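Please read through the structure below; I'll follow up with questions.
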Amino acid sequence: MSIKLGKNTYGKNSVNLSKIIRHPDYHEFRQISVNVVLEGDFETAHTIGDNSKILPTDTQKNTVYALAKEHFVSSIEAFGLYLANYFISNNPPISQARIEIAEHSWQRMRFNGTEHPHAYCSGGAEKHTATIIQNEKGIEVTSGINDLLILKTTDSGFENYIKDNFTTLKETSDRIFATQCEVSWTYNSSNVLFTELFNGIRTTLLQTFADHHSLSVQHTLFAMGEAVLTKFAAVNEISLKMPNKHHILFNLEQFGMDNKNDIFIATDEPYGYITGTIVRE
Amino acid sequence: MSIKLGKNTYGKNSVNLSKIIRHPDYHEFRQISVNVVLEGDFETAHTIGDNSKILPTDTQKNTVYALAKEHFVSSIEAFGLYLANYFISNNPPISQARIEIAEHSWQRMRFNGTEHPHAYCSGGAEKHTATIIQNEKGIEVTSGINDLLILKTTDSGFENYIKDNFTTLKETSDRIFATQCEVSWTYNSSNVLFTELFNGIRTTLLQTFADHHSLSVQHTLFAMGEAVLTKFAAVNEISLKMPNKHHILFNLEQFGMDNKNDIFIATDEPYGYITGTIVRE
Amino acid sequence: MSIKLGKNTYGKNSVNLSKIIRHPDYHEFRQISVNVVLEGDFETAHTIGDNSKILPTDTQKNTVYALAKEHFVSSIEAFGLYLANYFISNNPPISQARIEIAEHSWQRMRFNGTEHPHAYCSGGAEKHTATIIQNEKGIEVTSGINDLLILKTTDSGFENYIKDNFTTLKETSDRIFATQCEVSWTYNSSNVLFTELFNGIRTTLLQTFADHHSLSVQHTLFAMGEAVLTKFAAVNEISLKMPNKHHILFNLEQFGMDNKNDIFIATDEPYGYITGTIVRE
Amino acid sequence: MSIKLGKNTYGKNSVNLSKIIRHPDYHEFRQISVNVVLEGDFETAHTIGDNSKILPTDTQKNTVYALAKEHFVSSIEAFGLYLANYFISNNPPISQARIEIAEHSWQRMRFNGTEHPHAYCSGGAEKHTATIIQNEKGIEVTSGINDLLILKTTDSGFENYIKDNFTTLKETSDRIFATQCEVSWTYNSSNVLFTELFNGIRTTLLQTFADHHSLSVQHTLFAMGEAVLTKFAAVNEISLKMPNKHHILFNLEQFGMDNKNDIFIATDEPYGYITGTIVRE
């Protein structure tokens, strides 16, 4: 029984790039982090140290900066598509290029109702993400949102679950539901209106979360995914990861006080972690 | 020459508390992290393990949760003042109570121009901070902002500095200026309109940053502090810490391309770090 | 075309547990973090909010603490096997239990050549990991190491790679090779000597890294995996993830000085990222 | 009442530098992070954007790398002394230079009792620190340890403290005592044997922690400081910061089980935080 190389990848992670796009009346500031992940005919690099088919990760990095000049002009999806195709087209040993881009959120400062032409505030930790995979089977575009930190103070409960010897959780019909969501969805084409779709899907996710009468995290997760698939025909499937950012009722009764669902301990660990993919049949 | 205890403190850090304040037409969600830092007559605890004057940090934590029920109803400054006074008044060995509160930013979701009654999005990493120090000399209130991540794409330069044998930086009259600011200011009274002042000071800081013709980080730091002192008589002095979040021009010339100040490498380390306090004379 | 639930999981993450095992002459201190990840018949929880088949993640957490009392007495693999089987056996809706455990490293303090009976120093960020998956197909045990931060100052080069228009990297036959390795391997049985094998495999990985004449990260990654498979028949396959912690030569020549491969800039981002699985054929 | 500049500093933080020192039979690998913090006559930089007295932080960074070539050859204290003096001596506007260095811990790999000549494992998060302050009053050298993560499983209790209405903590004569210590001490001279002293002081701190019959964190903190001052005449004073890394007894009684002080919940927040300086009188 011999030993051999199985699945392998290499690339450059966290290529942090910012760009100013100068419009007539304002500066558009964009900040992204790019990962390049390549697969291909790299077996001899592993087995005998033959680098003749290896495009150095340093060169990959340079390529991202250089191509951003002309080709990062609209959505991160469009830039990712260009990058993936560039790596595949220019390097025969590469059979698959995977480009992952996360875009930081920056918002123009607003004073007296007017946006400043070149001053920005951070839009928070939330990031718009895109993953482009190009190989001989074709091109797949996945978009998403990372670190979408959302919360509702009511219209969320958790009851009628299994009880056993180790159960101590009390049932509740009214709890805080908070999560730092990671969402991603695949499109059925690489030629859609990425920015418009992203904005529409984000709003649909938020509105469903806000308005859903939640009986569990699972229940709301499914509703959010279903709403997106129902409304956006261009979306094939959607995956949500929802860590439960627990806000636990503080026991005020032990001090002779009443906790009318108002004082909570916010905890980070341990945390419930719910994931699900919603698909079309 | 004998050995003895010098300055010492103890307390509970990161008491993470959230509260729902139920208004007739919406839920106000607040999330804070509280540090309690006590000084006093604690020498024998150190020298002979006598805990008779020690209020356990666990009890401090319980106190924060319990008092939040009735007394965390408006600003974090007001809650901090109540807490500091409570610890001092109820524990004779304590000579100074320092309460540090950082409030997370949450924003009500907005759909079609209307705020949702109970669904929230994170307002980002930026935090409103307050530090209350109460001792026999009186009470000092410091408010501030942490993790204020701001950026301008132009109207910032850095020229005419010292050159020596180790200089490689090129002068520029047009660069990106980005910083993750930490600001704090002291009030001349513990009886001011904390929330209104905070909002006014924050806007003044942002607007000064946005509109300043910056010749250096120092230059803008001073202008921001000066603007606050000029406009807000209730502020005694203001301190700013401004790490320079460098965006370095990527060298496209090496590829025969032109970098018209548009493609940058965003770096985290090393970073310039500028601090200054602006005072009244 | 209807919409339905695809793959989904839920569970509790980061159940942080510590245990003292009291031996006649010393205290053994263990600290672990446990994730429970369950799959099964949970469709109605998603679609209609029916929680009747849901074992709350809070109960999962309690179960981990309670079962640790009697059953966390030797390796994390053995404890994981017990937990996975417990969840499957006691909850019919669960079709798969995945238990992930990471063990923190603690080392007994040593004074004058003698280990202290109950005082410990941290063993660093490196963690021993184990993942147990139990379902109707059987049981799979994966062990591994996270955050294995290793470095060699020489016997590593990178030459003869592809050059193109965006190449700026210089070839070198002598560079620093540093990586924060994540390694995992599967056993061909759930009844092996986990602790002895772990220690042997860890040593083999380190020794191969140390002694390998490295022509690239890929080259050494493969050698490390191959050495483990060659030496340990109980291992089916092994995967390594090797981020390149770059130490880049500082340009001293610009100051008229010579950099004889001795002064480096240590950077975190961007970083090369090499992954590979080595298998038996 | 006019507005003016108060205390201000600027400099470069996180200058991450690694160095190989080649000995006849092995390679010594050193990795440090350097902060340069300057004070001086910088008022016009703030008030009118006059940079003529400003040594750019980029040049400070270059200086650190360049001077490391000849002058980072032994302790970080010695290198810090050289750097502080260099900045002061070569730049008249600078009235004070503060150099902060943290050294990462790397340990040579050891196989069959022999140290490998050029392969290293991380020594963990613990860092040796040094701060040098040079100004017209002279030179002050502070050394220390950051992230010293230590723990004892017994010989620690906490009893006889204040009880009030908010007390829920139970007294215990036997608990886990864990802390991620930050220690720093000042020397009475800048001409001592830094490395030997550091090693001796570190051992004294560990041994005192291990052997102390602890009645509180304060009690052990003082004992550790006192032991160092007693044993090392070169040390003027010592400060310790001891966050309490709580390991809380899990309530097994609720499941009809017994917790004989063996199963604990490890928590990060909230945490007790004890600080103290021990001085000579």
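To keep things simple, chains are lettered A, B, C and D as they appear, and every chain counts its residues starting from 1.
By definition in this document, contacts are C-beta pairs under 8 Å (C-beta built on N, C-alpha and C of every residue); 3 or more make two chains touch, one makes a residue touch a chain.
Predicted model only: the values in this text are computed from it and were never measured.
Novice: Pick the pair with more C-beta contacts: A-B or B-D?
Specialist: Result: the pair with more contacts is B-D.
Novice: How would the chain A/chain D interface be labelled, same or different, where same requires over half of its residue numbers to be shared?
Specialist: Counting shared over all numbers used gives more than one half: same.
Novice: Assuming a repeat means more than half of the contact pairs shared by residue number, which candidate in B-D, C-D or B-C repeats A-C?
Specialist: The chain pair with the recurring interface is B-D.
Novice: How many Å are there between the centre of chain A and the centre of chain D, using C-alpha atoms for each centre?
Specialist: Result: the chain centres lie 37 Å from each other.
Novice: Quick check: how many Å separate the C-alpha centres of chain A and chain B?
Specialist: Centre-to-centre distance between chain A and chain B: 29 Å.
Novice: How many angstrom lie between the centres of chain B and chain D, each centre taken as the mean Cα position?
Specialist: 24
Novice: Please output the residue numbers of chain A that touch at least 2 other chains, ranges allowed.
Specialist: 16, 62, 66, 166, 168, 255, 267-269
Novice: Enumerate the contact residues on chain C facing chain B in the complex.
Specialist: By the definition above, chain C touches chain B via 165-166, 168, 254-255, 267-269.
Novice: Okay, in this complex, where on chain D does chain B touch?
Specialist: Residues 1-16, 35, 37, 42, 45-59, 61-63, 66, 90-91, 158-162, 164, 166-169, 214-219, 221-222, 225-226, 229-230, 237, 243-244, 268-281 of chain D touch chain B in their complex.
Novice: Which residues of chain B touch chain A in their complex?
Specialist: Interface residues on chain B, with respect to chain A: 16-22, 27, 29, 31, 62, 65-66, 68-69, 106, 109, 111, 116, 118-126, 149-155, 176, 203, 206-207, 209-211, 247, 250, 252, 255, 257, 259, 261-267.
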